[in-house]
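Think of it as A, B, C, D and E in the order they're written, each chain with its own count starting at 1.
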Amino acid sequence: MTVKPGVFSWILILFSLPLIGLIVLPLSKMVLTPTWAALWESLNDPVVLEAIGRSMTTSLAAALICFVFGTPLAYLMARRDFPGKSLVEAIIDLPIMIPHPVIGIAILSLAGRNHPLGRMLADMGIQVMGTLTGIIVVLTFVGMPFYINTAKAGFEAIPKRLENVSRSLGAPMGATFFRVTFPLAWQSMVLGMIMCTARAISEFGAVVIVAYHPMTAPVLIYERFTAYGLRYSQPVSVWLIGVSLILFVAMRLVSR
Amino acid sequence: MTVKPGVFSWILILFSLPLIGLIVLPLSKMVLTPTWAALWESLNDPVVLEAIGRSMTTSLAAALICFVFGTPLAYLMARRDFPGKSLVEAIIDLPIMIPHPVIGIAILSLAGRNHPLGRMLADMGIQVMGTLTGIIVVLTFVGMPFYINTAKAGFEAIPKRLENVSRSLGAPMGATFFRVTFPLAWQSMVLGMIMCTARAISEFGAVVIVAYHPMTAPVLIYERFTAYGLRYSQPVSVWLIGVSLILFVAMRLVSR
Amino acid sequence: EPSGKVVLFHAGSLTVPLAQMEKEFEAKYPKVDILREGGGSTKMARLIAEVGKYADIMASADYTVIDNNLIPKDAAWNIRFATNQLVLCYTDKSRYADQINADNWYEILQKKDVVWGHSDPNLDPCGYRSLMVLQLAEKFYGIKGLNQKLLDNRPMKNVRPKSVELVNLLKTGNMDYAWEYLSVAVQHGLKYITLNDHINLGNYKYDNFYKMAEVKVTGKKPGTWKVKKGKSCTYGITMIKNSSNKEATIAFLQYMLDPQGGLKILKDMGQPPFIPCRIADQAEYDSLPASLKPLVEVKN
Amino acid sequence: MIHLSHLYLTLPDFSLKDITLTIDQGDFFALIGPTGAGKSLILETMLGMLPVHRGTISLNGTDITRLPPEKRGLGIVYQDFALFPHLSVRKNILYGTAFHDLAPHKVENHLKFLVEKLGIAHLLDRKPTTLSGGEKQRVALARALILEPAALLLDEPLSALDPVLREEIKDLLRSIHRDLGTTMVMVSHSFSDVFYLANKVAILKDGSIVQQGEVEQVFDQPNSRFTAGFVGMRNILEATIEDNRAQTRGPAVILPAGNHPAGGFLAIRPEDICPLRAGHNGFENTLSGTITHMAHQGFYFDVWLDVAGLRLQAVWDKHFVLEHDLEPGTRVDIGFYAHKVHVLPENTG
Amino acid sequence: MIHLSHLYLTLPDFSLKDITLTIDQGDFFALIGPTGAGKSLILETMLGMLPVHRGTISLNGTDITRLPPEKRGLGIVYQDFALFPHLSVRKNILYGTAFHDLAPHKVENHLKFLVEKLGIAHLLDRKPTTLSGGEKQRVALARALILEPAALLLDEPLSALDPVLREEIKDLLRSIHRDLGTTMVMVSHSFSDVFYLANKVAILKDGSIVQQGEVEQVFDQPNSRFTAGFVGMRNILEATIEDNRAQTRGPAVILPAGNHPAGGFLAIRPEDICPLRAGHNGFENTLSGTITHMAHQGFYFDVWLDVAGLRLQAVWDKHFVLEHDLEPGTRVDIGFYAHKVHVLPENTG
């Protein structure tokens, strides 16, 4: 019923399998190993529930911060040319390449009382070490490139002409943004928030340095794994992944 | 000399500053703190050099694996429609959201002797736990979405018509790919490898579970930080970030 | 000549002296590569016993961790090789740094604006030992409820997995005071308060007093608990049974337990070694590799 | 000969339905229709880029329905030229020769001949990005022609060009077709291009062929309102018919002899509505009307007339209009032949 | 009145140079030139979307060079319509009214008037994605017109449309201009659209204005080879000139009286080269030639002639060609007026 797929297509498929397998095999093993009993048991463990809830809320908070402060940045990057723009682009991508412990260390060393910024924060009653605040700062750091790049692509996909028309019709830049650009880019912004939340939920290395307690789910999983072994870390992983997926699907549905 | 930038532009810039600051402030503090003496000293420490070398080589190896196996996958995703395509897309993005310790745990539990795959690997003399192999597997896992998504965007940007013309001129699919698609998408592939390497170089949580030794640079940084303190971890971070940046610039130049 | 890799799991508090020993030993035997992995002792032991991670040697900050987790399945013997004591560390910049002393430390630690912490009792012997110090202080100073009052001023966020991590929190000003082993305080150049022998867990002569302190730590699975009783800080070391490089492993142990080798480094770094090292009973002594026997005596 | 037989193709948002076409050796065949009618899809299907769901395509008697594109021997030239941007003009043109068993000196001679004919000999070492639109189109033509394709498919070859270049390339296509005898299949949405270049045409609408045949025949005898409008019959009048007399909403019109339906539409080209001049008295229909407005179109004028309540559009020679001082409000006598009145049945699209 | 005075604009890969234009109240002004000449850039500059590097723009005497777009009161209609896809047709049209101080009932009346005039009253609750190209263009026009802009800028308003729709929208633009008196500035690359719609035209090439003026005047008196080619003078002949006699590479040609340069080019429209018929004997130039080839263009024929070695192109009425059985090889006598021969100085582009 179709144009014959050549040998080449089969080669492509064959070569594609290893990477798909590399993702699917360990994860399905991971998800399928825990018994229902173990899953149920961990669902009754308040520590587990709290950690998952904490991961969700801090990651969402990070995504929200990215939405508020990253949207203007993404819009600037999509629409304006200015000297040093590619430097700013590189800076936005930096969090991807900075080793995770370094992220945690760098943020901690700013936040301590031996740094003016840390003293300022302390005077304002803001603590970073071992607080939800600190976790959110770290997660914002790691999630930001995902939000900004996705939102930027969304803005770039909106024809500049629509904004031009809006302005020619008397709408100043701000009104144009809120009446035309924003509603049209909304889906990419939600997608960006999903990407940002996803990246934030997975973070461990930077979080564990800034806050061992209160524990996020990845830290709990690590702690359980190292202290009790696989059997006690797997159910937590399964729940975390499951809840995340539900969250992402829900976000996508809402953005329709 | 230009159309007057409105209040709105200034608001955008103002809102963009916090996130830029969040990246720039901790990192510049990080990079500027170590003395030249400390930097020089750590450059004479074979452990540091080995760890940075190991991070570079394993990350590049992961990028190379992604290039070999991810390119066909990216091309399929860019050019073919098939049932379940969006499922495959979701699978490719999964590594971004899987908590890093879970990645390490999942890969270890496949590779252990309690799993048929692990036994098979063991019989072939392949060890995952505590080996460069294991590190590369983990880094491939975390870097893959970056390579595939970047390469896919590159393929999508090449007009399908160029491939159609090539085929109408007698070139089979394979020849078309290597003579037309590949040379035109080459830059995105290199960009994808840079993104993949960058992501891989930063990984800590998954690596530390699969291989504490041999130490990659982020593990060494973590170890130095927790055991000796900031003063001994910072120079390693600075060198790692510096070498990575040089690597990325070099890759971009080569791809011209 | 010994060669190959030797994987050494150790208490975080041994990181600095062991790094020095690794250097010296690798200089002596260039074909050997010592690979160290430091962490809370309990955690490291569980990594071997329960997760099945590979190690040749386990050196614990509490020798009972080896008895409880590794013997008999993963190890045959347990050599005690050094002692230590707990001190309260701080820096110039810590709040009330100019006021604190051995008599008023527990008042300072109750001040609302003071941030102090210790390592995780479930993962690190230094952690539960820090808690024991607080209990013993209540008894020793005769202040009812002191322990609880102190704990009330220490939110969970001030509990970190490894005691050595706290050093950085002190140095960056994220924390004011932290409980550490004396050796760690010396090695990292921290200021510290030395406590009365009754409460510092450093003198085995007070083991009977120490016994009154009891700390609940997590058991083999989440939700189960076991009780740790106070005891002087005694470091233990063992060789893991399934070590695949026994030659180099024993060579390192031989170097480490030598009063002119590893023990000297320990001593220089503020951690009093046992010379000679000690083992619990004759049966364990008999199971030692021959080359180690001269360095060890049976003594309880 | 290319033969498409009852071809069906279903895409998510579009489908081709029952396409049957025959393109003979040496034909210049045009596929024409409004945007989205499926013209380009037919080309893609002939090329083998899209899966056919039902029906067959044959080339010189061989079934090629399932053959991959590289084995079909058809050339394609796209609207946007689709030159390989990383290859020089020479390498672009020679690209396909690597996949065919051709003697090197013959390739070299053929290249020389083609670049001379197409006027691009001086461009061989340039990169495509440095070329103008017309130059690009010539290179794209050379690249396809050097393989002597069984047929050359042209997907709107003139759309992306400026008017001046468009004329140039139109002439070039005409001369290629005349001199090399290449079978051509062109997609276009302009009937005037078709008129200039093609000998056969198929008119598409919503994925189906509405009418096909010789260009002159389709031009003269559209079979539906749609085709009539498309081939430039701007006067389409509702009418009731009795014998060869049609009653419009305005005057009555004499039709050519023959059997006509009782009701339907009359279609008349504006250029067939002539002013009455001395010596032209063969018109079966002569009427009188008033010019309502006029538009100067360069060589000719568009003239709108009110003829007893009927609105008619005519195209008149510039010289005539100027010589007779025609302007809105002028009363004129007009005439048209009965055989220029096309009768379309009521139920056509 | 819009006045652009010595405007300069530099972009990374293009620049506008010394653009000076005056568009009077009620003008239909066309900007025309090949792709990439900078036509659309001038519109963007007038709108305020691009920074001007030198020069001024004034609207009714007020300098608006630095004014943001929303304060200029100019309307724009783009080739791709640029409707807001998330808003209904009604909300699209009313979009701009929120930013102007207009009485609600006046807005409602104006809306009603416009949608009637533009024939889109039945579409008000639809989403733009469900509209055809012509409908979209009407909505875009209504959206701009409801604000009664000082001028309406049209960026190739016909390019994205099918030929049939194109005629429709062309008529619509004409009637809007006639009935509402809106000043229009249209970018186009087709001279025939300009002819139909505009009263004034500026011809652009590589960012500069080559010629501007009344449409008829530019059409009749191009000042360069470039403009001559652009306005359809397909016969451009090298010549040496003495008094009013020009020697081409073929026959000699009589020029209109006046001062001519010693050398240069002659430009003649194909429609000005007429066949000699009875009663037409006023031609200063009468020549004899052979038809080399012909192309049927619907209403007319393109005819190529060899006249004593000179290649000339003519456009002849279809009826004339058919009545006289003209075909390639036929020998014909032709004539053209001296005043239809345009003399262009040597050094023009």
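Annotations
Keep this in mind: a residue touches a chain if its C-beta (ideal position, glycine included) is under 8 Å from a C-beta of that chain, and two chains touch if they have at least 3 such contacts.
Everything numeric in this text was worked out from a predicted model, so none of it was measured.
Counting only chains that touch, the fewest steps needed to get from subunit C to subunit E is 2. Here the chain pair with the top count of touching C-beta pairs is A-B.
Averaged C-alpha coordinates give centres for subunit A and subunit D that are 55 Å from one another.
Mean C-alpha position of subunit A lies 16 Å from that of subunit B.
The mean-CA centres of subunit B and subunit D are about 53 angstrom from one another, to the nearest whole unit.
Among all residues of subunit A, those that touch two or more other chains are 6, 109, 115, 172-173, 208, 225, 230.
Looking at subunit C, one finds that residues 168, 171-172 touch two or more other chains. Looking at subunit D, residues 48-49, 68-69 sit in touch with two or more other chains.
Listed in rising order, the residues of subunit A touching subunit E in the complex are 159, 161-162, 164-173, 175, 179-180, 183-184.
Considering their complex, residues 5, 7, 12, 15-16, 19, 35, 37-38, 52-54, 162, 164-165, 167-168, 171-172, 188 of subunit C touch subunit B. Per the touch definition, subunit A reaches subunit B in the complex via residues 6-9, 11-13, 15-16, 18-20, 22-27, 29-30, 33, 66, 68-73, 75-76, 80, 88, 91-103, 105-107, 109-110, 115, 117, 137, 140-141, 144, 146, 148, 172-174, 177, 195, 198-199, 201-205, 208-209, 217-218, 221-222, 225, 230, 233-234, 237, 240-241, 244, 248. Considering their complex, residues 34-35, 133, 162-165, 167, 174, 189-192, 195-196, 219, 229-230, 232, 234, 269, 271, 274, 295-300, 302, 315, 317-319 of subunit E touch subunit D.
Against subunit C, the residues of subunit B that register as touching in their complex are 112, 129-130, 212-214, 223, 225-230.
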